[in-house]
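One structure coming up, written as structure tokens, with questions to follow.
Here the chain labels run A, B and C in written order, and each chain numbers its own residues starting at 1.
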């Protein structure tokens, strides 16, 4: 990457690649994640009714990615618990965010300049988590590109992908909505990251690892900051997405079918499918899904909430 | 098996045993499975709202058995993703069935002579999947007959057994019904197959493997074709089942208890159990369960649907 | 432990440690667990509608701990099936409890002197299960204290912790309540046991293993018998719990917040959280949770039920 070297970003990228996530960035990740949990409807009642369920829920917010990727690779999902230091750090954070006298910790961290900083630091950890997942998968499946993408995605956006089951711990069950039906911004950006790092790992992408880390980190941090400052929840991919969608998935619309060039049997099927139970729930998820899911993957959304 | 040799079926059985499932039979399995998904209520709406959820759901229909048996044996459930060719084939099928312009692919495949052929070919793959599961389990648990049956069953009927969670991906949640509460024909036939192949593996069944494969395959294919042609959903085991049920499980009916030879405490229990929440839902599942579950395990049921 | 030796309990503790759970104590565990299942609302209807779902549910009651700890340590959850003798024993118990002519077995076992004995014997198996889990975890994670606690807990109280999914097998779905939101007595006592045995394993607790086994077993058995005889469901930890709760988790109550020493933004959050969907469901679980959960972890509660 001569371009990068011209701008003397090579040292910077090396410096970033050697940056240690522990303890400061890890800490920021825990604080932002647990604050996002606390802002979930009903989370505070759960913290009163059952501190243990609340603690377990918080751990899923903090270590959900490791748990999910562990299950997917048949490695012990309890492994995160074996890292006592991280668990202790996360538990202290959980306690301070939920039960601190006068609620000082939450209120300070919720002040937006600090929250902006913490969220930006959390975004940095995303790069390390996705890369970690891709490397872990590469160790087991040498040329399993799809596996690398899946594990990298799971590791980076685990908290969101298992949100249905995390909610179940708190006695909430929203089957009509999940991260696959209505992807939130962090899930999308993590998926893109997983694809990029998997391509880099398999040398389809002609980039040095530390350069990609720098580029991806800058992009995520900049984008997250923009969204928090402008309070807009519009992802930068909306245009690309709709373009892809129109090209690939709008080819045959059920209404086109009704113009009737094709066999009646077919129309019956489509028609019978249109008046269906889950269609309504899916539409419903379009409305209420986005809000609770944006938060559901360890993302701060209080600034946006204020706008809405 | 002299009887078989008399009829010179030995070569035939050898030929069948050496038959390769890839690509044609695999392909048929993918097409029939994904068409069954598309015929689920609301599946088409999901395919519009979120192609990714739709793709993931389709993969669970195609590789559900491998995923489930992987989890049960603590082997990576992402393993199917590492077989790029199969995933690519399944993904292309998924795209063509759901998004093909003018819906041509679905409508052609839905024409019943073709569908009959495809369903018959899919039945053939069942033999290989069940046998694969039994062999896999035998490798880990030498004399674990029950484990072999469980894994063979899971591998062969996985899509159906995990249907609750597959539906959850699409935002549908039907807790009141599952494949264990109301077994569909394919689940039953797979269970029988798993028992037979497990008995053969442990030499309790005095049959050569390739002979059993021939007999089981012929039975499943013939039976499936009969059901599609006659449009009847009556399984051939109904009489045997009801006989077994009457002998073993109707011994003590709650009404017999009320004749009161036994302690009141007992009647209380039974009575309190009778007016229960889940009883209603179970009865409900009797009504709506059969239809959506027959489809829920990658089986074509459009012909039957027309009858009903 | 000179104190114990003074009372010549050393031999006794050695004798207990060498006691074999199979077959009598195992048997008692199966009987009590399956009777608890049968006393679940709707369980009898399920046993009529689908013996297989009923059998699977019973196995989860009997082997739930092994299944859960297996999943958590990435060991095959089907492993319990490989122990044919135990499965056979449990299956015979299941058949006799649910389908015995004239319902003789259930009615005899429900007579309270016998039930008291069986429940006491079941409590003894708890010690062995918790210890087994802790040892199993210690083999994988030498100094993972938290992992040992988690696995010991899962192994000892597995049936209760997975109750949501066990119920799903029977077509029942109660998301608003689970063992973490509203812990039942057996789950609590198992958690305490797991902590003690994990501390002993890591030598933080200066006790010989067989002494701890004796003390813990006596405590659980005595306590269980007391609860069944007095028919009271009050756990002996209520006072300690409320003390801990008051000290640690009542520090900042949402009402204290409203006195308004802190930033408005904060009050908004708390307020918005208070009027929430899941809060209601959580409160609901406070009411109906305790009853169905006390039973949901393989515990006899018929005597208590009579009191209530």
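Couple of notes before you dig in:
Keep in mind that, in the parts below, a contact is a pair of C-beta atoms (placed from the backbone, for glycine too) under 8 Å apart; a residue touches a chain by one contact, two chains touch by 3 or more.
Remember, predicted model here, so these are calculated numbers, not experimental data.
Matching CA atoms, the turn from subunit A to subunit C amounts to 120°, rounded to the nearest 5.
The two sequence copies subunit B and subunit C touch through a face in which the numbers common to both fall below half of the numbers used overall. Subunit B and subunit C, compared by their mean Cα positions, are separated by 34 Å. As a whole-number value, the distance joining the C-alpha centres of subunit A and subunit C reads 34 Å. In subunit A, the residues that touch at least two other chains are 74, 173. The touching residues of subunit B, counted against subunit A in their complex, run 38-53, 56, 70, 74-78, 81-82, 84, 87, 95, 99-104, 106-107, 110-111, 167-173, 302, 306. Per the touch definition, subunit C reaches subunit A in the complex via residues 71-74, 137, 140-141, 144-147, 150-151, 164, 173, 175-178, 180-183, 245, 248-249, 251-254, 256-257, 261-263, 265-266, 269-270, 272-274, 276-279, 281-283, 285-286.
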